[in-house]
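A, B, C, D and E label the chains in the order they appear, each numbered from 1.
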Amino acid sequence: MALLEIRHMTHHFGGLRAVHDYNLSIEPGQVRGLIGPNGAGKTTIFNLITGIYRPSEGQILLDGAPIAGLAPYQIADRGLGRTFQDLRLWRHMTVLEHVKLAHYSKLRYGLFGAFFGTPARHREEDRITRRSMELLEMMNVAHLADQLVPNLPYGAQRRVEMARALATGPKVLFLDEPTAGMNPEELIQMMAIIRKVRQSLGLAIFLIEHRLKMVMELCDIIQTLVFGEVIAEGSPEEIQNNPAVIEAYLGKEIVE
Amino acid sequence: WGKAELIKVGINAPMTGDIPKVGEGSKFAAQMWLEDIKAAGGLDVGGVKHPVELVIEDNESKAESAVKTNTKMITEDEVLVIVGPQSSKQAVPAGDVANNYKTPMISPWSTNPDTTKDRPYVFRGCFLDPFQGPVVANFITNEFGFTKAAVLYDVASDYPKGLAEFFKKAWEELHGPGSVVAYESFTTKDADFSSQLTNIINSGAEVLFTPQYYNEVALIVQQAHELGWKKPIVGSDSWGSAETIELCGAACHGLFFSTHYAAAGATGKTKEFIDRYQAKHGYIPDDVAALTWDALGIVGQAISTCGKITGDVEDDRQCVRDAMAKIKEYDGITGKMTFTEEGDPIKCAVIVKISDKGEYEFYKSVCP
Amino acid sequence: MVFFLQNIINALQWGSFYAMIALGYSMVYSILMLFNFAHGDIFMVGAYIGFGVATGLVTLSATGFIALPGWVILVLTILLSMFLTSFVGMIVERVGYRPLRDAPRASAAITGLMIGIILETGNLALMGARRVSFPPLIESVTYNIGGVFVTNKKILIVVVSLAFMLALHLFVQRTRYGMAMRAMAFDFVVVPLMGVPVNTIARLTFAIGSALAAVAGILFGLAYPVLDPYMGIVFGWKAFVAAILGGRGSIMGATLAGFLLGFIEIFVAMIFPSTLRDLIAYSIILLILVFRPHGFFGEPYSARLRL
Amino acid sequence: MQLSVENLRVSYGRIKALHGIDFHLDKGEIVCIIGANGAGKSTTLRAISRMVPVEPGSRMTYMGQDLLKHPADRVVSRLGISHVPEGRRLFGNLTVLENLQLATFARKDRENIPADIDRVFAIFPRLQERVSQKSGTLSGGEQQMLAIGRAFMSGRKIMLLDEPSMGLAPLLMLSVFKALREINQREGTTILLVEQNARLALQFSSRGYVLENGSLVLQGNSAELLANPDVKKAYLGG
Amino acid sequence: MEANRDKSPSHPPRGKGALRRACGRVPLLGWLLAILCAVLLEHYLGKALADLLGLRKIPVLLGVVTILKKPLLMPKTVLFVFLIYALPIGLTARLIREPANWLAERLMRMPVLIPAAVHLAILYAILHIWGDVSAYRVLTLKLTLIAVMLTLSLNVINGYMGEFSCSHPGFMALGAYATSVFTVGLFATDKIFGPALLPEALGVYLFPVALFLGGMVAALGALVIAIPSFRTRGDYLAIISLAFLFIVKSMIENLEFVGGPRGLSSQPDYASLPMVFSACALCVWIINNFVRSTIGKALNAVRDDEMAADAMTVNTRRTKMVAFMFAAFWAGVAGGLFAHVLRYVNPATFGIQKLAEVLAMVYFGGLNSVYGSIVGAVSLSMLSEALRPLEIFKWIIIPLLLILVMIFRPTGLIAFKEFDGRRLMQPRNRPDNEV
């Protein structure tokens, strides 16, 4: 049984069919890519899986259990972590607080601890601080721990978002254009980070990207989405040479 | 004989907030009273002329502020006696403070029984709702012979609400249950009463009683006429302001209300006061000014009859309070007053008719 | 039936005030996304300015110098007061809102609240504690139509306010000024990049909103001729309710919600014991919002909105 | 020289973003500015379109007249300098069409507007399909097209583009750049382009500047810069 | 750090330059002890000094009231304040700097509750002795402490969670009435509830229970707003909360058994200074604990980006519900205390005006900040008390001041600042604690 399995997922916005009969199955440790022209419905697929929208039709199974219809926080808690295409960080919080907060559902002190500052709470806070710092180190942003996020360079913000997503303890990590707005050097750094994450945490990754270098080098299997439908699925080489993909997405000049 | 002790009189009045006009009236009356004392060279207590100082404080028309003001005047300024606060929502909690500190206080205008209840140090200068309600009910019955009345009042304000209830009770005692055919209310600061008035007109009432303040009176009366009401409208002492006519105009001519004194055709001291006030401030004093004036008169008399001011403010307060409780038949501009055990005055009410010139004419007097 | 019709007339008049004031509120609200808590007090100032102008004109006309009929005075009063009050609005914008444009919205709301208090207190200090009576510019005539009483003033009020609403709606929906206003509501930082002069639009918005408040103030003066410095508070807050209930930035919504509020208040008082009016009326509002969480014409909460 | 910038200095509070840079644009050119994250590229564009205040001593002239005496809206409406801001910044509550119309707010030649809108749709047919959709719900790439279209509507003397390739699919990226070149050639619009994707930017432009930590460190024609080993190392991914 | 320490309420007016540097290394403990000295001085010598200077009484509120009422007395008043407060505080603080630092250091080595208790005890002693001089001061103090609770609890919703809630006076009213019904019904003889049901003596001990109940009633009321907040936010929620306020007010006006608009009086005199002080200290402590915990930080996340919060496992519904109920609880407790300080409540007290007052305090002091709320509540309460002699102009000056603050510090005086008790109490003899 696959880790995450999606069957026949379809979604409409009003009259617009954004996603049609979408299927996916991710195995542990896999890196999957999702590419497609702008407006194809990639982000919508992420939003559907992570519970921000509820699919009009179809099933989503995580470890065999259906998760469609659960609230986003419940889905996140069960092991789907994500980043956002348009960086959704909390303006007034520090980097460390971001990562700590993502431990929310796993906190072991309740409101009582929050109100009265029990020793259990202090222990717990110390524990998640340590773990958060580890994650920040992994992302090479530990030195920024006490900064407020709006002051950070764009690339750092992306990495904070990723650390935050990892802190939820995901089984599958969803990355929506993690390198948008980065220069080639940062792109290479980001690729290294993703490899590191995959190796050390052993989780599956699902990636939306327009930077071909990234997709082709990192992904095991790539899906190409056009108008909400998957037109091709396969290894990087297969995709790169698929005429339909070239036609709809890559363009001849790029491939050449 | 050193210098004569300074006597401080506190005035706790709403200079800002909802009813600044009331504060203004109290302040003006108090200042006139002080002028008189000054002219006389001080307040004569047992043959010694004591200088008098007014401590006028703003209570912002808020309960907590009135409490603070009273506390401040008592403990900081060490006033001998306090006049005010005017409305019950401030006078009730402020009275508690005065009573706790054993400082005599007289609220000229508060009609809520709680203000003075079980508080030996607290007095008031006006009659209470339980008295005024029946006065009006009897008056209407005797004068017009009506049996079906309607009431329109402000639920969120304690004075109109209290009076409305007492009127209703008195009326139903006279004419049986259900004889108040419409009992309608609105909320402070409302300006439109058309729905309630439509209900009232629809109910077949013969008379409308509305114990409201003057600004609302103008609106109620005009709107009632616009909705086709031609029957009498009767009010209470809260109508007794020069502004009622100013705001209401001809619409109010010919209406009746019960009050403490009638400005038009007043004679003697009352007229003197009215003329003096009008000369100075340009308008005929409201009932609240007249009541404050009387309250200060009572205070003055109580201090005088107390016999001596020692400078030990606690003893003096006790002395003044005892003297005040003993006042008999104080002859004020709003009538003769004697205090009951609770510190409430026994005094007559006056029914006033608004003449076609817009003056308040004495119509008849009703005594308990 | 007569009874019912009468209350509809009542509600129309009452609702038109809420609608007019909500409209001015909604103007500012929909453009700058600010709660203009000073709006109720601008309404008060408008009424007083109207009072001043009307009294002046009446006196002038009484001297016989130029005898003007009542309706001419009324029209002149409305126009002059709109003009004058719009300056008050512009000053409020300049002093209280422009410096705070990048600040959290709530801070600007607090400034508005404070400006309101200053206007109230300033009025109290200037005019003294007495209330003033608005001059009856037109002879009140009551028509009895089958037991339903209607006055010429009521008709005037409803008609004038509906006319202003329609005009404003067209202005906002059809003109580029209106479009610029709606865009500013969303993100005013980049509005200048479209060649739109932001300050002018903001000033214009406040000017229009305040001018409407002046009209409302004068009509109010005609219908309820007692003015006091605190008369705007309750109206301001209720307009706040109506403006938002209508839906963020929707002129039609604000109008509709204003009338709705008027109808609810009048009819609740008609059907239920009137002591329970606020309790029931606002429970209804609350329920409406529970089931329509974004007002009548509003869009869902957008994360772009500042604090 | 159409636009000349001398000693441009900008700071955000205590953070100095630009330390006095000089550059110029000639009419009809395509010029790019490349540089790392946070180098001050966007700030440069914002300074030209008067979105951020500049420090005293900075000079900017447009066709010989002082640009600094114009507030932001008049830079667009009088001088015809339009700006596609970073992150698109569409008016999400307006429809696609309304966004385009709004950009013509101050235009005097109102009769040409419908034709111009049609031209935008000709360049980006996708927008025509979405013409009455609220722009807030467009996909990232669609939004980018609209942002460019909007700039096209508001001013065409100079267009300042802040990372137009961000988030675009490869094919679309090409068509956007083609469209830009078309606008440049047909209308004679000068284009100042800021890009992370330095290779693309240099291929597309005729001249380039390299910005590092708020100062210009290199300039030259694009082919030279492409061949420059330092540039290669730092910005072209080795 | 330094700047904020100066603004915290119990501190003397800010010194300048050299003086400031000299005082800079005095720990909080030192300041508290120095102020204690000053108030003791006033307690024992104040009257004598006032007589000597020809002032009739010890000036309340640092003489501002006196100066405004009688400007001629200004030199004397200022001299008094200087001799009794400024000079002794400055001198003592300087003199006991070393021992105080030593003591602070020792204290900080113990479990944090102990130094906290010591500091609070001294603070209480200061307030108590200061208040002993006149009942007016005590009353002002109590109402100020209550204002702190209200402001702080509203900040939880409006600052930390970023909603614009208008219902706080409503919560306060619920608490005030619930508590009053409890105490008046059980422990007082009055005309509404008849004779006392329980012996009077028990009342004082059960008062905290009454307050707790009041808080719970308010918290239940908060559900009315918390539940719609799942579906809507921002402006819509603002008017829901406003409607709630109108509803509560109207409901109480219609409840005859609590007196309707006439109000409810004869509450027993339970709200003593120690009671109010402990409630306030508890409130500050618990709220501060909460907002600094990761669970509390979820409020900030919901404010800044709810969708992201949701995707990061934060149960946003629960978070909102907790925030509303928690804040309402404290507003209810504050309301209960308020009712017992005044010993009278009526629905008119809990209207728009109260709302404007609390909102002003929150935004003046600073959003998202416990410091800010304390500073906002204390400074505005004190200011509006001190400016009372100006009557109408007070209501021009205070709003102007607020507008200026908003223009220059749009998020309030001390916004987004964590209140760290431990750091506050640190000894300051080492440079690293200086900052």
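Definition applied: a residue touches a chain if its C-beta (ideal position, glycine included) is under 8 Å from a C-beta of that chain, and two chains touch if they have at least 3 such contacts.
As the structure is a computational prediction, the values presented were derived from the model and not from experiment.
Between the contact lists of chain B and chain C, the overlap consists of E. Any chain touching chain A that also touches chain C appears here: D, E. The minimal number of chain-to-chain contact steps leading from chain C to chain E is 1. Summarising the inter-chain contacts, the pair of chains with the most C-beta pairs in contact is C-E. Taking the CA centroid of chain D as reference, the farthest chain centroid is that of B.
Distances between chain centres, each the mean of the C-alpha atoms, put A farthest from chain C. Taking each chain's centre as the average of its CA atoms, chain A and chain E sit 45 Å apart.
Rounded to whole angstrom units, the spacing between the C-alpha centres of chain D and chain E is 52.
Put simply, the C-alpha centre of chain B and that of chain D have 74 angstrom between them. Counting partner chains per residue, chain C has residues 121, 124, 233-234, 275, 277-278, 303 touching two or more of them.
Multi-chain contact residues of chain A, defined as those touching 2 or more other chains: 88.
Under the contact rule defined at the top, the touching pairs of chains are A-D, A-E, B-C, B-E, C-D, C-E. For chain D in complex with chain A, the touching residues are 36-38, 87, 126, 137-142, 144, 163, 166-174, 196-199, 234-238. On the side of chain A, the complex with chain D involves touching residues 13, 35-40, 43, 85-86, 153-155, 177, 180-188, 210, 212, 248-251, 253-254.
Chain contact summary for the complex, chain B toward chain E: residues 15-17, 57-58, 62-64, 67-69, 71-72, 74-76, 78, 88-89, 92-93, 96, 101, 112, 114, 155-158, 161-162, 187-188. Put simply, chain B touches chain C in their complex at residues 16, 18, 20-21, 23-24, 155, 184-187, 189-192, 194-196, 198-199, 202, 215-216, 218-219, 222, 225-228, 243, 246-247, 249, 283.
On the chain E side of its complex with chain B, the touching residues are 57, 60, 65, 134-136, 139-140, 143, 249-250, 253-254, 260-263, 265, 338, 342-349, 353, 385, 388, 391-392, 394-395.
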